[in-house]
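What follows is chain A paired twice: with chain B in the first complex and chain C in the second.
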Partner chain A sequence: MLKWVRKGLRAGIKTTGYPHTRESAPGISPGRPAAMLCDGPQEAGAVAGRCPTGALSNQGNMIRVDHRRCVHCGRCRQDHEHAMAWEGGYEWAGGRKAPGEMAAAFSRSLHIRILDAGACGACLSEIKQISSPYYNIHRLGFFITPTPRTADVLLVAGPLTDPMRLPLERCYAAMPDPKRVVAVGACAVSGGIFGPSFAAAAGISQCVPVDIEIPGCPPPPLALLHALLMVAGKTKQT
Partner chain B sequence: MTETGSLLLTFFIVCGLGVFTGGLPGNEKHAACVSIIGSVASLALLTASGIVLLSGRAFSMALWALPLFGKMMLGMDRMSALFLFITGMVFLPVSIFSAGYLKRYTGRYSLKSFAVFYFLLFASIALTLMAMDVLSFVIGWEAMSLLGYLLVNYEHEQADTTRSGMVMLLMSEAGTLAVILAFVILARTTGDMGFASLRAGAVHLGAVAGWFVFLLSFFGFGVKAGLVPVNSWLPMAHPVAPGNVSAILSGVILNLGIYGIVRINADILPIAGTGQGLVVLLIGTLSALVGILYATPEDDMKKMLAHSSIENMGIVTAGLGAGFVFLTSGHPVPAGLAFIAALYHMTNHSLYKALLFLGAGSVDMQVGSRHMQGLGGLIRRMPWTALFFLVGALSIAALPPFNGFVSEWLTLQTLLQCAVLPSKAVKITFALCGAGLALTAALAVTCFVKAFAMNFLGKERSEKAAKAAEAAPSMTISMGILAVACFLFGILPTYVIPAMDRVVQPYVHVSAVDQLVPPFFTVGRGNDKFDRTFVADFHKLGAQVGSRVLPGRGLVIMHRGGKRNPVIFAMSPAYTVAVLLLLLGGTFLIIRLLTRRRSLTHGPAWSGGLGRLPPEMTYSATGFSNPVRVIFRGIFRPVTVRDARETVANHFRSAIRKDQLEIHMIDRLFGKPIVHYGRRLAERLGRMHSGRVNAYAAYVLAALLAVLLIQGLA
Partner chain C sequence: MGPTLNNVLKFTDLPRMVASRWGDSLEIKIDQERQLIQITCDPEVLQDLCQWLFYRQGYSLATLIAEEAPPEWVMRYILYGDTGNGQVHVLTRFPLSRTKVPSISPAIHAADWQEREIEDLFGLSFEGHPKLGDFILHEDWPEGASPMRTAFDASRLHPRQESGPPWRPEMIVKTPGAFMMPVGPVYSDTAESAHFLLETVGEDVVRTIPKFFYKYRGVEKIAEGMPADHALLLAERFSGSSAFAHSLAFCQALEAICKIQAPPRARALRVLLAEMERLRHHTAAVAGICSSTALAVAASQTSIIEEDLLRLTCRLAGHRYFFGLNTPGGLARDLPDGECKKASEAAWIVLDKLKELHEMLRFTSSFLDRLEEVGSVSRKKAVAYGLVGPVARASGVSRDLRVAQPYAGYGQQTKFQVPREAEGDGYARLRVLFAEAEQSVNLIHQVASTLPAGPVRTAAAPTEGCALGWAEAPRGAAFHWLRTDGSGNIRRYRVMPPSFVNWHGFHLAAEEFAFQDFPIIMATFGLSNAECDR
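Showing the complex of A and B:
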């Protein structure tokens, strides 16, 4: 046991200072494609056509990116001639509500209930990271709770497969007001590569009202932290 | 003849009437007969013993003089009266209960024989408690044992009933033999068999003979009281007995064991050495611990209650043991307290255990199962039964404001009085026993939280439980009577303790009650029995004001010490209940005030998002008590009898099944060796069977010679 103490003392504090200090490395996330101007409409069409989820679309020679659908597959930058430029960063979360509406009840602490609505496991493994010593959500007053009865935030990953529709509804109904729903990852936001299909919906917004969406496949832990800070009204922008 | 005498005569005549009507043909009206005649008999007994208990006029009546055994005497001193009173208090509700309960046996078993056995048992118990000589005592005792066996064995068509009945009969007869042997040793010094002359003659008994009498009578009576190590019959007999018989078994018959111990070891041959008192204390504590340890993980409700009876009898015995030790070391006041605590706990145990057994009986009758694994949710189907069972469970878990709390608290406080004892070793023993009893109390809470929650709360775990209906009114009313009694004995102990004090006074020769329940409300300033400043202090607090309101002594139990330490311990259950009510009401009001503006929505219980919550997935009785099972695994020592694994591939298990068997610790440690050596002895002796006629003649001759030799030497 002494060994642990010594090792811990030698290692020092490794926890990130985000959001008070700027964090540069967004985990293992490769980043995401940024909007791009092509030489001509045909080239743009070819680049956009490489996208398997329809995240890219072209208007003339301008390629737009719908990040809600992007799964970071990298096909758009595989062709060396017309490779799309990718951007770094992680503050990707976007709200469906005005920020002022969000903050009121959640400024002190948040209790989070995690629900797997048919996720592949990638988002869940990133979610698991946020309570690890490096990201440590507890320092921000965020706690994971096993029951929706005491939860403020419902964190949902996965495209919402049909068997999970009822549990999601029940879980949402079991949460006390006021409550917020955060959709994690491309699947939960838009259905991703799974939905809409015969077995899955096009994102959880078809079942419960979503307040914040975090695109990404998977979104890095810092993106999750950013979204939770948004719920708590502690982010600077938007 | 005094009024007590005529009341007792009425009692025996009514019992006889019960036996007579029980013998009448027809099977329809017997349940009502048992109920009405039994209630009348109980009332007669209650009044008769109540008069003796309050007035103290001992009653005695000579029956017949027999040539060899002397005079047969019936009598009732305060000790007998207390036990008879408890008997009446249990028999009254049980008789009422029987009106509804016996209907389950109509057409299957003979109600006629039940009625006959029931009234004979009632009469024989009264006879045992009133016997003032050895012969009537043994007759009553033996009749009581046999009738108890017959009633336990009532559902004789089931195989396990017969086996349990045989074990019960065997152990009870062994106990009776030991008791008779003790009486024989006692009677050596006197020609007469009356208790009075035995008492007079016991002074001349030597120390060794005294130890023999003590061991024989203590363990002989211990069989009836269900003390370790002679308790095995109790958990076997209870589950097979009908519900009302179980209530009598636990509420009355176990007390007879305590009665025997008190009668011999406090009255006839008062315990002389600290060693004997310590044996009683240790056996009591051990019984309490073993009892509750086996009660907590038990799934069968009645078996669980049976184990818990062992526990409670252990607490009573521990109190008696502490009393004996205090008495032999020259501290009569703590001894008085200990005896009061023990008798009080025994009274309480009779009340709440009868209540719980009646509750278990009604659940068994309405649902058809006693196994907690298959019950649950009954509070919605049987609300009254649930309420009264809850009162019983709270009482037995020793929670205020119910009766179990008062007596367990007194017992523990008495054990803490060991500071006055001279010997260090004895002090340490007392402290350890106190710790053991405290652990017992904690486990009892676990055990009865489980018992109530698994039976009455949550989801129904079986079809039968979902379809149950409330028990018949006669059954709920009888449980209600006992529940009210539990409550009253819990909040008004200051009226019970003086009565108990007068019971134990002849044995400790002082009155402990002024030390325990000071008459604040009635004592004047000038009373020289009390320290002047002490009384003045309480008058300052306004004690005298209450004299107009309260008829008796105060509502405070308070053990007084010397000048330096005027109050050793103090408590008032009556005020506690008032404060509890105030707190509850206040909390309720505050919550109402705070949440006035909040809206309330009702939703379904969260079940992990499942479409349907199967009862198998809710918290089970086994799961609740499993920590106890795991912590005390070293004591339970389960034996794995089957450990099967089905595998599809090497590492993929499709099913695991593990069957474990638990043998009761006492059976493992005492029963098994006795059976083993008994068999070996029987095998050896069996060889003598197939001998020649000449050899048999030689045995007879040798036996004759031996008898003559012994006679000649004596």
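Showing the complex of A and C:
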């Protein structure tokens, strides 16, 4: 077993400095389209029309982005004259409630419960990464807990498939107050490309009250960290 | 890796052999270019014919497709052979009013779950199938409503019915103390939603009864009527951990319908990207196995490699999970030669790290104790269940679509081996993962150093037609069958992912082993419920 200890020590510290310093390693985020001013309303309409999920819309020359619907397909920036500009970054989490309502219920550690409501695997893979050495949520006092009875935060990914409605309701009901629900990814936020349909809802807010939404398909690990920091009152709410 | 003389003889001989056996009850069409034999037969000879192809001629079952084509049903059974043996599509037709189909699963067990799926979603009943009933749709789904029928409205939630207590199977162990242990659908970590009933006497798991499709999003149904471009988003995102392989299979089906081929540069880049996805998937699978055995340092170190690969992918392809790259006719954008070379160099470094890790794991006895001779699947069972991918290759079945049915840039230009192990236990599956990761790095290097110049996209005009697309996804063979109408919209979409096939055989590995081995066996199978449930 000693060889494993040595290997761990040899690998050194990989962990990001976020939130104390900004993380700028390449490849940590796919980026996303940013609101843009076009030359004319026709160009703006043409660019917005390329979006298959209706995340882009134009008002005159201005193209707006509804990040809740964006699935990073990249079609708005591909080999066209008027390509959308994309921004980097990862602080994507946003509150669904007024800042007063979210008043710091938690200021120290958080216990997190994860629920898969029909996620494709990419969101879950990013959630898995937050406990790995690169992101290591433990240093921030965040822990994944196996039971809803001791959970403060419920992280839910997926559009909410019908058979997962009951498990989600029960899981939420089993959590003690105060509690927070975080919708992870475009599917959980808006139904994404799957809902609403005969098999899935238009996001988890149709079943449980959502406090924080993280758009993205999938949101990168740092966006998840951003949301958790927001719950813990350690970052300003956007 | 071209077809050998024997194989060529077999493919061209097959129609004659079929005709001499079943004579007038069928009609045979041969498509030399696509290496495809289409046999239309009476429902009565279906089982015989499929059994003969499967067991006597060594064809594997790709998928079953039910299609509503008024005034009749068309059932399509797709089988594929080894290198040079092409595909056989067996078709049978009967009037829409008829709801009974002869089952082939008494002869070919690999068709078992596929027939159950069609029964549940189309309302067709398979005569001779031993176990039909709730499968994809759970107890609260009203009887008689068949979501895959064309008339069904898929746009809104279907009213559910009151359901009694959940179904419980009859217990086969009658000794005192025997009990049925429910596991899932919600787990304690990031595991996907799925439910198992484990019949146990306290230590050994006697029987594993899975209840899946908690994540059924009805992808095949909601794709209907969509423009192909939009349905591509579904193909890419129903299983995010193998997005590139599935979007590739989908695009290749469309390309076959439009009778176009992606340019050589796109075909080469598709190999590079598909192998990078395999490398990342296998790394993640190894991390999963390490963490299932509570080997924390190994799990952490492997997940560092996984994140390195995710970042590498993002730098190269613009997305950590390859979303938005495949497009009908090629790739959505070109990747610079320099970046591909850099990626290939980074892949070598990853391989060195994986090799070091493998070497350390090989000499960690507490780890090996949990894997060796645990969760074994025999070769015979693997063939009968039609298992695919690394799971099948660890049980001595070396079929790999990259070799058996070459696509994209696989074939003559690229050289690689298909690793195979004989034991069929958890350790064999781990060794196959490591060996395949090494082959993937070799392939990435080969492609990156011989990238042809030129465009990466051929224009595709919407056409009416149907075709099969396939790819060897990280978890095994993936098939996407499409029918489009004149304006290029999807009329019928069928996906057969490797996880669906391998979950069917999972109980073989989990039964007769100790309770605490269950999560480890699950990890060595490395399957995805999102991919299975669709």
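In the analysis below, the second predicted complex is superposed on the first by the 213 of 238 C-alpha atoms of A that agree within 3 Å, B and C clash if a C-alpha of one lies under 4 Å from a C-alpha of the other, contacts with A are read in each partner's own complex, and residues count from 1 in each chain.
We take it that a contact is a pair of C-beta atoms (placed from the backbone, for glycine too) under 8 Å apart; a residue touches a chain by one contact, two chains touch by 3 or more.
Values in this document were obtained by computation on a predicted structure and should not be read as measured data.
> Check chain A with both chain B and chain C modelled on it and let me know: fit or clash.
Overlaying the two structures gives a clash between chain B and chain C.
> Could you say whether A:52 touches chain B, chain C, both of them, or neither, answering first, second, both or neither?
Touch partner of A:52: chain C, not chain B.
> Looking at the overlay, what does A:138 touch: chain B (first), chain C (second), both, or neither?
neither
> Is A:149 touching anything from chain B or chain C once the two structures are fitted on A? First, second, both or neither.
In the superposition, A:149 touches chain B alone.
> Between chain B (first) and chain C (second), which does A:71 come into contact with in this model arrangement: first, second, both, or neither?
The second partner, chain C, only.
> Determine, under the contact definition given at the top, whether A:27 touches first (chain B), second (chain C), both, or neither.
A:27 contacts chain C only, not chain B.
> By residue count, is chain A touched more by chain B or by chain C?
C
> Quick one: classify A:167 as touching chain B (first), chain C (second), both or neither.
So A:167 meets both chain B and chain C here.
> Just name the clashing stretch of chain B against chain C, choosing from 505-513, 649-657 or 685-693.
So the stretch of chain B that bumps into chain C is 649-657.
> Can you list the residues of chain A that touch chain B in one structure and chain C in the other?
Shared contact residues on chain A (touching chain B in one complex, chain C in the other): 115, 147, 167, 171.
> Report the residues of chain A in contact with chain C in the complex, numbered from low to high.
Contacts found on chain A: 1, 3-5, 7-8, 11, 14, 25-30, 52-53, 71-75, 78-79, 114-129, 132-134, 144, 146-147, 158-159, 161-164, 167, 171, 192-201, 217-218, 220.
> Where on chain A is chain B touching in the complex?
Per the stated touch rule, the residues are 115, 147-149, 166-168, 170-171, 173-174.
> Would you tell me which residues of chain C are touching chain A in their complex?
138, 147, 152-158, 160, 185-186, 188-193, 213-219, 221-222, 229-230, 233-234, 237-243, 284, 295, 297-298, 300-301, 303-304, 306-307, 310-315, 318-321, 323-324, 332-333, 360, 364, 366, 528, 530-531
> Okay, in this complex, where on chain B does chain A touch?
The contact residues of chain B facing chain A are 603-604, 606, 608-611.
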